[in-house]
Structure formats: C-alpha cells, structure tokens
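Down below are the structures I want you to see.
Both of the next two complexes hold chain A, though its partner changes from chain B to chain C.
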Partner chain A sequence: MRTEIRLSGRGGQGLILAGIVVAEACGVYEDKQVVQTQSYGPEARGGASRAEVIISDGQIRYPQAYDPDILVALSQPAFDRFAPKIKKSGLIFADSFYVHTDRKDVVLMPFSETARNEIGREVVTNVVMLGALAAVTGIVKLESLKKALRHRVRSAFLDLNLRAVDAGYKLGKEIWKKRSS
Partner chain B sequence: MRTEIRLSGRGGQGLILAGIVVAEACGVYEDKQVVQTQSYGPEARGGASRAEVIISDGQIRYPQAYDPDILVALSQPAFDRFAPKIKKSGLIFADSFYVHTDRKDVVLMPFSETARNEIGREVVTNVVMLGALAAVTGIVKLESLKKALRHRVRSAFLDLNLRAVDAGYKLGKEIWKKRSS
Partner chain C sequence: MRRLVSGNEACAEAALRAGIRFFGGYPITPSTEIAELMAEELPRVGGVFMQMEDEIASIMAIVGASAAGVPSMTATSGPGFSLMQEGIGYAAMTEIPVVVVDVMRGGPATGLPTKGSQGDLQQARWGTHGDHPVVVFAPRGVEETFALTLRAVEVSERLRVPVILLTDEFIGHMREIVSFPSRVEVYHRQRPRVASSEYVHYAEENNYNAPYASYGEGYAIHLTGLTHRADGFPINDAPTIRWNNERLRAKIEDNLAYLEDNYVDDDPDADTLIVAVGSSARSAYEAKLLTDKPLAYIRLLTLWPFPDATIRGLARGRKRVVVPEMNDGQLCREVQRCLSGDTELVSVTRNDGSMLTPQEVLEVL
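Up next is the complex of A and B:
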C-alpha cells in the first residue's frame, strides 16, 4: 500500500512545513515508511512551491511521486499545472478562495478562509489543510499531526497551529459529509 | 554534473532545516536543479535524523542519494552508520566533539564547539556546518546560503544564523588551508 501526496501552491504558503509535518506524523508517530521531497528548479524560481510525501506500509523503492493519489492546490497556477496529471481515481483538494474551476470532481475547501476567519491568521492555511486532509482521507491520524506540530512548531505559535489543525479536521468532516450525502 | 549530499545526526540537530536551506540556496538563488529529501521509518523512530540533497546542472532523474559524494555526520551513531557507505572519492565531515574516529580521511571540524563558543548557541551548529561546507566544497555560494536563511529563518533569529554561517565559512577556510598545506 503506497500513497503519494503532492502539496502545491505558491512560495510562502508553508507547503514544505506541511510536507514535513505530515511525513513526521506518519513516519515517526505511526508505523509507516515515509519519504518527503521538495524539488527546486526553474519553476521554484517562478514562485511556485510544492512538497511531496510518499507513505507506504513497506520499503519505498522509488522515492518520487510520479502518479499522485492526492493533490492539494492552494493557488490557481499550481492547480492548472498539476490537476491534469492526477490519476482518474485520485483526489484533488483545492482552496475555494484562490482556485476557480468547473471540474465537479475537485473538492473545493475554504482552507484560507477558515484560517483567516476562525483562527485569525491566514498563515496557518497550511495546517488547516492538513487537518482537513486527515479527516477526509484517513491517511494520518489527527493525534499524530498534533504530535508532529508539537515537535516542529516553535512554542509561541503552537496553540495557533493546534487550533488550526482542529478547525481543519472539523471542516474536512463537514464537507465530506455533505458530498457523501 | 551531479552532487549528492547526506546530512546526518540525531533528531533536534536541525538537519532537515539545513537540507532545505542548502537546497533553496542552490535551486532558487543559483541556477541548479535540486531535490531535497527526508526519509522516515524505523531508524527515525530510534532518534536518528538525516536529510539528503541532490544538486545537478541538469534534470534529476533518480531523486535519491544512492552514492553520496559528501557526508556530514554530527553524531557518532550517524557516523558509524553512514561513513562506511561513502564512495572512495567522497568527502566526510564530522563534528569533532561528538564523533570519534581514527580514519585519517575524515575531516573533523568543531561545528558544535564553534556554535557554542563563538555564537553562544549550540542550536546553530547546523548553520555553522553549512558555512563550512560552502567554504570547503564550493557547492554553494556563501551569499546564496544567506539569501536562503533570510527566507527560511524567523527574523528574531536571523542575525544569529547569519553570524553562524559566517563563522562556519571562516572555520572551513582555515581547516582546509591547514589540511592542504
């Protein structure tokens, strides 16, 4: 069982930290093998940002996401670039404020609006997104995400981040319930 | 031209941040392709930590360091585990306080002592190490490291980190001069 996740957006949206947190959550606090990767090149110099996480029950032989199961897009350019490459059975989550699309299979979620309105800080959009991802996909437990946040986030910002991951988890559960009903 | 770097030590020594900073320095501020990776699994649960960086002039097809050119070891267990796997032409840098070895080919450097004694904070050992790596190997420019630090490090800690990278660069130059003479 191998799951590939691509987190994409623009620089400054905290996608690398998000990748590290979910990787640590699964690889240190759950019994998984994880490889987390960022690639830099011409596209990074254009302001795009992405982080990839591969989670597996067994050894990971090829450590790059060549066919992601899950795509998160927090910006329109990231969505336009990566959404066409997701496999048919894949899941796409996009920020409903920054991404516009007619595709019905894309799950639009108010990550950034939840961060702004419920937590009061857009900077935790990445952590709201992780909470929602945990709720919808079950690839990582909320409790493992919190352990990784406690390890990775400076203490002055920890409370903010823990509230953000809880808000994201709640958001994920609600939206998934609506889509499934 | 492809260079593989493995940064290893124990959890809490800031190896992932070091990997991200050098990757961003080369991939965003210099004209390189870079893939930066961390792997989590049973060994991470044992407290070991490592980050890998692959730097290339061209496209990176295989994104894992299978045969590192450069190893940095900041702890004895990391040294014992990874040093035997470095190719003959490879370079090994180890912290002279935490690593003991009889191997004459290993470059022992007082990264942690420089951080403690010159900067007053052992927590910047990782950044001292990056400065020394830049000085000795030339794989990245000091100025690019500083740009990446300005981007990655919170402003309250930036001055500390810039002093650490300068101290490491100076240390690298001095030690390399002694070895070469």
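Up next is the complex of A and C:
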C-alpha cells in the first residue's frame, strides 16, 4: 500500500526536517520503503515550502505525491493551495493558530500554540505536529520518531525535541478522542 | 547498512569510497551538498578539497590533480556545466580521467536553480567541440546514484576518459533508503611496467585497463590539447591526426559491451515500447504499472554511448515508441535515429520545473 503525506507551510517552519524525520522513522526503523522530497523557492525563510513523504510496503516508483492521503498545513496560503488537492478519503491537519477555515472535515490542532506554551519554543512546532500525526494516523510509531530525532537533531536540542514529540502525541490522542466521541 | 540519504549525499559517499581524493568545485544549487560533504570528508581521508573561483578553474583543477595521479571529481549544475565544457574537451583529448557530476536544473542560463529538469542530455554528449569520447551515466534515484558514481569513477580510471554523471534536482534532493555495502571494489589505475626510457604516454594499444603514468612518477609526460603523437607532442600530418582521432573513438567503440547498461522489461505481446532515462523513467514505469496494456520498456542507465543496436532491436516490429522526458525532446531525437519504417514516435515532454507525472505518460499509452 502506498501512503502519501504532504507537509506544507512557510520556509523556516521546519517542514523539510519533519519530512526527513518521518521518512527515516519509517524507512530505517520500521523497514518500509520511503521517498522524501521537497519543493521550495530560492529564499531561506518566508516563501512557500513543502515536503512530501511516500511510504509503501513495496518499491516506490513515482517519488512525489499526486493524490495525498494526508495533508498538513501550517500556514493559510499552504492550506488554501493544497487543501483542495487531496484524496477524497484523505485527512487534513491544520495549525489552529495560523489557519482559518469553516471546513468541518479539517482537523485543526494547536501545534504552534502547544510548542509555544508547553515547550516554550515555537521552533518545535514541526515536531509537535509529527507526534500528533503519529497518534492520529498510526502511520509511524512514536518510538521510531524518537529514534529518528536522536539521529537527526543536534544533542543540545534533543531534549527539547523529545518533549515536543511527546506533547504532540498527547495532543493528537486528546483531540482525536474528542472528535470521535 | 540502511540509511536515509539524499541523492547528493549518496554521490559524495560513493565518490569517497571509490577512491576520489581531490574535489575542485564551485558551489551551485542543486549540487552544493556534494561539495559540502566532500569538503568535510576529504581531509579526513587524506584528500584535498579546493573551492575554486569558478567552474572553469574547477574542471582544470581536477584535470591537473588527476594528471598527478589522484582520482578527481567535481560537481555542478547547468550554468557551471556550460563553463566546464572546454575543460571536459581537454580531459578527453589528453586522456585524463575525471568525473563530472551535473545535477540538472531548469535552463537555459541561470534558469531554475531549485527546480529539476533533464535539459542537459545532449549537452553532456556534445557540449564541448569536436568529436570526443565521453561516457554519461544517468541514475533514476538515490541508490542508483550511489552505484553509478562508483561506476563512473571506475570507468574514467580504466578508459582514461571524462565520465559525466547526470542526475537532477529531483534526485539530488530526494531522500531514499540506501543499503550501503560494507565494502566496495576499487579499481586503481595501472602504472607503466616499462622503464621510463621506453614509456610512451599514448601507446598504440589503447585497451581497457592499459597502464599509464601520472606526473611525479618518474616518467616523461607531455600533455597538450593540440592533436598529438603517441609521445604527446603536437603534430599536423594527416595520418597522425587520423591515428589520434581513431584512438579516442576506439576507447568507446571497442568497449560498448562494457559500457552499455539498460534495464529492460520486454513483453512480446506489446505493440508499444517506452524508452526512458533518469528520474522521469520513474513516472514512465509507474504509468506502465497503472495500465493493463502490454508494454515493452527500456531504461538507459548509460545514456552515452547511446545503445542504438539495443533500441533498434526492441523497436523492431512495434507500432509505437513512446519517449517521456523533462526537456523539449532531447532523448526523443536520439531514439528517432534508431527507428525505421513506419514505427510511430511519440514524444511526451514536460519542461516547467515540475516532475512529469505518471498520468501525463498514461494519456498517450
């Protein structure tokens, strides 16, 4: 089975790192086939940015998402651009602080607020989001994400990131429970 | 060992393991990660990284280092690749092995720095003037970038030719799982077995694996971009000019079997053949899997020398040949040469910085 994930937002929000971490978690620590790609402009921060991860049990030919199963939007422009282009049965996660929508099917989550208020650093919004993604979709195990973070994140920031992924996981479980009940 | 790496990382890692010990380069998106990694790793293995003032200096620096016996490489993208053409011709004429990695981006000129294309397929073959030997490999993804970088180094050292590895932004920045081998076989260029007084730098026996001397080993070597005799000194008489040209041509023509490398998925019931190369071949193969129609498929891992005979054989008797690519039809015109009679040629192109999609290929299948 092929699962396509698109992570979108602004340059500087750590979407590409998030894509790498989830791809490594699945590909190295869960033995799945993965491809991670990205698209960005020449600017380092502020422009549109997106990362994509394809996860599959079998060989992955076409490496980009053409019918995403999961969309994450951390900015309004990214949401407006990509929300219409998602599989019918797909899931959309959006940051409740940066994205406003009337669509009831969109799962709004306070990724950036949780990072700011619980962890004290908005910069880990991307990792909070990954924790929530793991909790809701089961596409990757929390433990695998942590292994990938240990490999990819500099040791000085590791603790911050591990706390962020745990907070995100908890957030994901809570919100999903509320939605389902 | 399984690791998640980008195409550019896989390229640098393969280069180091293949024995590349000199890198001269000038950073350019989307190839820069190769230079960054080489800058970090080469000093650790006793190698040298030099950031040059531009790409003209970069190619000449690796030519010089290789002439001195050090397996050498550079990496660039379209604009830099254009500047390197003169040096690639010089390496071909002087028979100095070098590996040039071109991570293709949209062109012409500075074009699209952060977006991929396959716009350099023809430039890789004909970018420098004159008829010259050159070998070009084109991986479809990260694991193959690793394998073909190893092969590029080996082929350049064995045949004393410039070898070009053509990847693109999609592959260079894409991350995939690579199962790295614990060890790789490395070919070391053979030193001459004769006394220095008897050594001729361009001996007539121009075989695969022929020994050749490097500067500093005690042999007299004369290098020139001018057409030259076997001892390396310039000449102007027609028979020797023919000898020199023939010698360069024979390196490729005598080694076609060694150089050719294709993935073929033939189907005797298919009336359509797909010919694909590099990253866009992934879109083509996905399209092939999405349809029930029988299709024959060939993907070229060695783009140049072009596998004329193989394609001619596969195309024979088919109604149509479909060529998907991310430029305005550069591969297609080469395939056209191999077709005969009433086989229809269908070109599927996309040239806007985005990847060709399987759906676009599917539309014509």
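By definition in this document, the second predicted complex is superposed on the first by the 174 of 181 C-alpha atoms of A that agree within 3 Å, B and C clash if a C-alpha of one lies under 4 Å from a C-alpha of the other, contacts with A are read in each partner's own complex, and residues count from 1 in each chain.
Keep this in mind: a contact is a pair of C-beta atoms (placed from the backbone, for glycine too) under 8 Å apart; a residue touches a chain by one contact, two chains touch by 3 or more.
As the structure is a prediction and not an experimental result, all values here were calculated from the model.
Engineer: Do chain B and chain C fit side by side on chain A in the superposed arrangement, or is it a clash?
Structural biologist: In the arrangement built by aligning on chain A, the partners chain C and chain B clash.
Engineer: Looking at A:Tyr66 after the superposition, I want to know if it touches chain B, chain C, both of them or none. Which is it: first, second, both, neither?
Structural biologist: second
Engineer: Mind working out whether A:Asn117 is in touch with chain B, chain C, both or neither, as first, second, both or neither?
Structural biologist: In the superposition, A:Asn117 touches no partner, neither chain B nor chain C.
Engineer: Tell me the contact category for A:Thr37 with respect to chain B and chain C: first, second, both or neither.
Structural biologist: A:Thr37: touches chain B and chain C.
Engineer: Clash-wise, after the superposition, say which stretch of chain C runs into chain B: 240-248, 258-266, 330-338 or 348-356.
Structural biologist: The one stretch of chain C in steric conflict with chain B is 348-356.
Engineer: Is there a shared patch on chain A that both chain B and chain C touch, and which residues make it up?
Structural biologist: Overlap of chain B and chain C footprints on chain A: residues 20, 23-24, 27-28, 33-41, 60, 63-64.
Engineer: Where on chain B is chain A touching in the complex?
Structural biologist: That would be residues 16, 20, 23-24, 26-28, 32-41, 44-45, 60, 63-64, 154 of chain B.
Engineer: Looking at the complex, which residues from chain C come into contact with chain A?
Structural biologist: Going through chain C, the ones touching chain A are 2-4, 29, 113-114, 141, 170, 173-177, 279, 282-283, 285-286, 289, 355, 357-359.
Engineer: Quick one: in the complex, what on chain A touches chain C?
Structural biologist: 20, 23-24, 27-28, 31, 33-42, 60-64, 66
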